[in-house]
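Worksheet for the structure shown next.
A, B, C and D label the chains in the order they appear, each numbered from 1.
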Amino acid sequence: MRDYTLASSLGVSGGGKSEELMVDRSVWNLMRRRQYNAARRLAEQRQLVDECGPAGIDFLRPRQQRLIARRELLRRTAVGAGGVSLAALFAACGVDSNASPSQSATGTGTATATGGGFESIGRATFRREQYPTYEGTPAFHADATLRLGAVISDPSPLDMVSGLTYYYGTAVWMYDWLIDLDPVTLEVIPSVAESWDISPDGLTYTFHLRSDAFFWDGSPVTSEDVKFTMLAYRNEPLSTLKSVYEPIESIDTPDGRTVVVHLSRRFAPFLAWGGQMFIGKKAAFVGFEGRMQDAPASLTVPIGSGPWIFEEVVPGSHARFSANRNWFRGAGWDKTGAGGPYYGTLIQKFYADYQSWLFSYLGGEVDDLYPVSVKDIETIGQVDSWIYDTPSTVTETMNFNFNNPDRPNKTLFDDVRVRQALYHAVDVEGMGKAIWKGFWEPRTSNEVHPWMLKPYQDQIKYEYDPEKARGLLAEVGWIAGADGVLERGGEKFTILGVCPKTYLAPEYAQVVQQYFKEVGVSMDLQILDSAPLREITRNKFTFDVYFRRHWGWGYPENFREVVSTHTPPTGLNYGRFSDTGPGSVDDLWNQILSTSSNEESVPLFYELQDRQAEVLPSLFFGSPHDLVAVRKNVLGHQPNPMWQDWDPMWWYPA
Amino acid sequence: MPDTNDRKAAPVLEVTNLTTQFFTSTGVVHAVDAVSFSIPAGRALGLVGESGSGKTVTALSLIDLVPPPGVRVAGSIRFAGRDLMTMTSEEMRKVQGTEIAIVLQNPLTSLNPVQRIGDQIVEIAKVHQGLSRAELTELAIKMLKMVHISAPSLRVRAYPHELSGGMRQRVAIATAVSCEPALLIADEPTTALDVTLQLQIICVLQELRASSSMALLLITHDLGLAAELCDEIAVMYAGQIVEKAPLKEIFGNPLHPYTQGLIRSLPGQGQPRERLETIAGQPPDLISLPPGCRFADRCPHAVERCWEARPALVQLDSGREVRCFLHDSAVDEPLAVSA
Amino acid sequence: MAVIESRVAPIGTNSLPERRFPSFRQRILRNRPASIGLIVLILIGAITALTPLFIDADRVTAIDLTSQQQRPSVERPLGTDELGRDVLVRLLYGGRISLMVGVGAASIAATIGVFLGGVSGYFGGRVDALLMRLTDMVLGLPYFFLLILFASLFRPSVLSLTLMIGMLRWTTMARLVRGEFQGLRDRDFVLAARATGRSRFSIMFSEILPNAMGPIIVQFTIGIAFAILAESSISYLGLGIRPPTPSWGNMLSNAQGYLFLAPWLAIVPGLLIFITVLSFNFLGDGLRDALDPKLRR
Amino acid sequence: MSTAEYIARRALQLAPLLLLLTVIVFLMIHLAPGDPAQNLAGPRATDADIERIRDAMGLNEPIIKQYGIWIGKMLTGDFGESFISHRPVSDMIVERLWPTALLMGTANIVSLLIAIPLGLIAAVKQYSLSDTVLTTITFVGISIPSFWFGLLLMWLFGIQLQWLPLSGMATPGEPATAISVLQHLIMPAGVIAFIYTAFWMRFVRSGVLEVLTQDYVLFARSKGLPAKRLYVKHVLRTGLMPLVTLIGLSVPELITGSVVIETVFSWPGLGLLTYSAANSRDFTVVMALVVLASIAVVIGNLLADLAYRWVDPRIRLT
């Protein structure tokens, strides 16, 4: 329905938080630092540009200025540039630069453009601090209630293992992890496991559990519970984490506080990712041997050890939690010396869709809104809000299809210069301004996220350069025809693009369409629902390019299926791309997967990244920011890299 | 002569210059135009005329039931010493049913389909006299007997659709007379019924007249029926009374050309196998009335004057009234009636 | 099924003196709401139909990054949306879609309804029983429920959505036409036609149908109003016409977020749906009065 | 024929309809693109994962067999388990019945209470000012897009004035007191009631108008009855008969709820469940809802006929 249909159609919360579940923590660790630096650097770089603001929202902009913009536009089209170009954007900017202070005070216009850079819109203030900044010392308010929202209809709190975000969204509150990440440095840090060792051969992981971790019912968290949960993840038919625990051969529990996991093969990400599992109380599931799906609905009383004690679910309405004051990560755990939870009660309100959530937020019925659609930033500026603006881990990409059965000439994309040309044809910066109002990290290279290891300048980059694009295409033999569309041997350069109808994809695909038009490539667009889209991109392959949101930087296997050689079911790259042989993508993947530590795998990721940038199986346009709106009476929000979400245990009433 | 005596007797109903008009989007319809007549107690007046001549509207005007957008614009209706025109609807309500009752033309539609006939018959009594349940049932059965409906004690519980047309009409009559009204208006009571049923109805009405002092205003297009029941006949044409006379005189010596036409068009007048006469032409449009006599266009004796001036309803020496220049004393030398 | 006897009994005759009646045109024009509705519809219809002659279609979806979210101005009376597309242009094209779906669906419903109802009413007997059972079945379907189901399962195109609505809503028409035909089939002119040995269908559709046209037109008009509402509801839920193809329903749904900054974006499409549907209903009502002899005043 | 017989016969007639409906919808759902397994797994799951999940959900069985299993269970009252929440569908539906009943019930009752008197007035005072006003209002009611109306109300009362809550049936965390439920009820019920009122009023008016021209009303008038008795006993009694049928026919919506309004106001009823279930391809839930809805329709028709039979002695049942 709106930008968030996919999410709501999945019946999950907050517009697809689920997609960020599977994160290799170690990689995260490095990546987050890079990303923050990169974000900051980009912000600096763009200050100049940003001074002059956007081509964006101007409900409040004086009219004559719009007229100038329009004249600019006319002039441009007169020159025949057509479509969109930096010139146009700067023209528009030129307009904004005359915006009077009073206008910029309202935050519209200028604010929107700078994305990462600006401070406030209306009554909404942007925050980008990495640690929550505590005003005073937060204290526990037994009578205070924190109200969060979610787009979900019918939750089942017992289910921690199936692929539905909701359960994670709340499980992260209800359960503790075996190991955890530092929220900012993303180092692997102790949680229920206070320490662990990995055998030299990388096949045996031993976790030592802490003594002061207790379930809500007062019983301690034992190695039995850990084993039980881990096996549940491994055996549960509906578990989408199955593949992580596949390598597990056996689990020993020599004593109540030691868990020994034996792997069948070396598996680098096991610690960070496999360790990041929720620990449920085995007793709660007695009677249906780890088949959590079989848990009778009457038994909606999960037992965890996390900060929020599950109280009730009112289907279609809300779920209620109360603070767990005995939580072992209480006061003193957090670096700031504080320790949650600070609210007596946590309510998660269910919404039919993002729109009702937004209205409810504006009406003051709920304290957060996530993810904020850039369309609504000004609207949110109507009420006192913090807008937490963090670089996200998704990337908007365009995948090439190297073998479209509907296309007579299957070799269209075979020459890498064609792919490079198309990359040069797209102004990712302008696209970000236009569609994401600048809340966006542009990418000019095919980085193998999350392994954003090398500084940008070291990498092969494909800057916006229509001339170069035309040149490259000409080299391959594509010459503009009468109608401006490139031709070669009578064949016109007309391609079919497919994209989902969610997450602003149709909009940015149309922008790309115009960029392509500029270099003489005409693209037809098909905007499809998730189901038919999947049919076309995974079975029929009747498309040329596929605008796909790449979710997060998970476990390599998952990324691998996108880029490595197309061999269903595991290797599946939406484009039948293939790269084999020594030093090839496949080769590098296999090496990476057989490493036993990140130290080993990181250099390989460097190579893989370069390889990706060379062979360009797909174009990476950039990453939209992650925007969370929180009412100003709630403080202490801290983005959680793991979930693109937050641990409300740190939140406290102003 | 009994007639003259009776005419001196105080009339139950005395209507003078009753004028009813319908104010429609297409114009004012002069449905009833200065109609005057009176009915002595126990006597019966027949209001005769072809359909659209304003008979029914006259009847409805009497009991203040003219449907919108119809309005009684002028005239007086003196009933038992009171003027019904000036009555509030509340006062009028008390008159309706108890003192003046009406029987409608179509028995199939004049009874409430979802109410037991017993209840319908005694409804007037129930509302106006507040009798007990037992008394009401008793009354209902009595009334059904009076109109010769068999097995009355069963039939009271019947619904209208379970009775034949004739029965329903008799039930309607029973309903109307259940509180012995001083005046009964019967609007085409037999038209919708076939001949044998008509006879039943006529009998019932005759018995009623014989057994009570009730006055009857019979509305009909059928002179024959009028002859059966009435002492006096008023002939209506285009919203006006054109001739009024005792029964015998109307049949014996009709004065108005229209009346003459009506009588001639009755079956069984002349020789058998002689084809019935009809009155050629159509009545005038009641919205835009002609300047002259309303019958002029169809009148065999019309002279140009008939198209210029409107004849008044004049009382002849014989006491009977007629609206025609042929009999207007104001005319210099009366024209001979070729008859 | 319930059969009410009194339906066959004649209506009361305590009515007024006869008069000559005003012509059909007079009557429809004297009904102010109906005539206003008619005018409005003609305007909307004409404007939306002629739009393509003045504005080329690609302006409907083409993105203009230099003019996003502008407030109304002389050049763009309703401003632009978040992708710099002229809202007025989209409204006009959206109107075409909405009207197309409305009229299309109503036509489909009418066609099916008239045919089945006609056959059923004219032939009676077994055919009638069978067809009426079918009608009851379709009538028995929870139609909006099914509509939502359809739409959420198969992403509908303009055409398929039109078909869906049409196919679910022909029952009223069928029953209506059946009644009309039953009333007309034994009239003299039909018997006469039959006597000439013409085929049943030619009689049905050349003799009877014209005489039953009045109520059919009324039902058709109201059907359009209904279909437009249905389309907009479905599109509002995001299950009907999908962006970037504009329809009043999905434009409204897309503009909700702007209710605060640019209320007109959300208010205008809703208002247009409302006015159009209202006009159709007024027109239908006016036609009924004008065509119904009983109501002649 | 006795009422019991009649009901029995009707039931027999309608059983095949139900069966047919289930077949159609079952096929429709299973032939439609989109796959609950995929939704369950999320967009990033590998095809291997999806296949595994499909198996786990029994979606790889031949469709006939799936239908057989499903219908068999259903006949024994077992609607199966939701694909998404793994909860018994019957539970999910039951817990949504009450909110919907509350919403639609309130709307229906309120609208009837308003519509009957107003409709009567409009008819009795035909062509008067009040008639014109009322008629215009009904036209507005039947023409206004409910979601738009709801949206404007939300915007005005919920956000600008902040008089009424915007979503849900009660304020989470707080006890669902009658007051708070009422506050939440006002807007959604108001929108539906307004539209219903318009429909009812139209029927009352036309029904009464038709009756008013009947001879027996004139005859009743001639009896000098007090207005109250006249209108209640002679006019409304017959004038409202068509309404009885309509009310019967509105029973289905009473049960399935109003999808649009429940979505706009996040009202936790069956309408909302329908919407989300259809969106997430939660087959078992959708199927159950379809069956429920159809049964509701059937019952509604039956009730309508019975009611009619009860109010109108002229009725023959055939």
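Operating definition for what follows: contacts are C-beta pairs under 8 Å (C-beta built on N, C-alpha and C of every residue); 3 or more make two chains touch, one makes a residue touch a chain.
Please read these numbers as outputs of a predicted model, since none were measured by experiment.
The greatest centre-to-centre gap from chain C, using C-alpha centroids, is found for B. The innermost chain, defined by the distance from its C-alpha mean to the mean of all protein C-alpha atoms, is D.
One inter-chain figure worth recording: chain A and chain D are separated by 40 Å, centre to centre, where each centre is the mean of the chain's CA atoms. Note on chain placement: the centre of chain B and the centre of chain C lie 50 Å apart, centres being C-alpha means.
Taking the mean of the C-alpha atoms as each chain's centre, chain C and chain D sit 22 Å apart.
One simple way to say how far apart two chains are is to compare their mean CA positions; for chain A and chain B this gives 92 Å. Looking at chain A, residues 5, 362, 529, 532 sit in touch with two or more other chains. Residue numbers of chain C whose C-beta contacts span two or more other chains: 5-6, 11-14, 237, 256, 260. Annotation for chain B: residues 60, 67, 104-106, 109-110, 113, 161 touch two or more other chains. By the touch criterion given at the top, residues 60, 63, 65, 67-68, 92-98, 101-102, 104-106, 109-115, 123-124, 127-128, 159, 161, 172, 175-176 of chain B touch chain D in their complex. Chain A contributes residues 5-6, 8-12, 16, 18-19, 21-22, 145, 147, 153-156, 159, 162-165, 237-238, 240, 242-243, 293, 295, 297, 314-318, 320, 345, 347, 349-353, 356, 359-360, 362-365, 529-532, 534-535, 538, 551, 554, 558, 561, 568-570, 572 to its touches with chain D in the complex. Listed in rising order, the residues of chain D touching chain A in the complex are 32-35, 38-49, 51-53, 55-56, 82, 84-88, 91-92, 95-96, 99, 154, 158-159, 162, 165-173, 262-266, 268-269, 272-273, 275-277, 279-282. Residues 13-14, 17, 20-21, 25, 28-29, 32-34, 136, 139-140, 142-148, 151-152, 155, 159, 213-215, 218, 252, 256, 259-260, 263, 274-275, 278-279, 281, 286, 289-290, 293-294, 296-298, 301, 305, 308-309, 312, 314-318 of chain D touch chain C in their complex. Residues of chain C touching chain D in their complex: 1-6, 11-14, 33, 133, 136-137, 140-142, 144-146, 148-150, 152-154, 225, 229, 232-233, 236-237, 252, 256, 259-260, 266-267, 270, 273-274, 277-278, 280-282, 285, 294.
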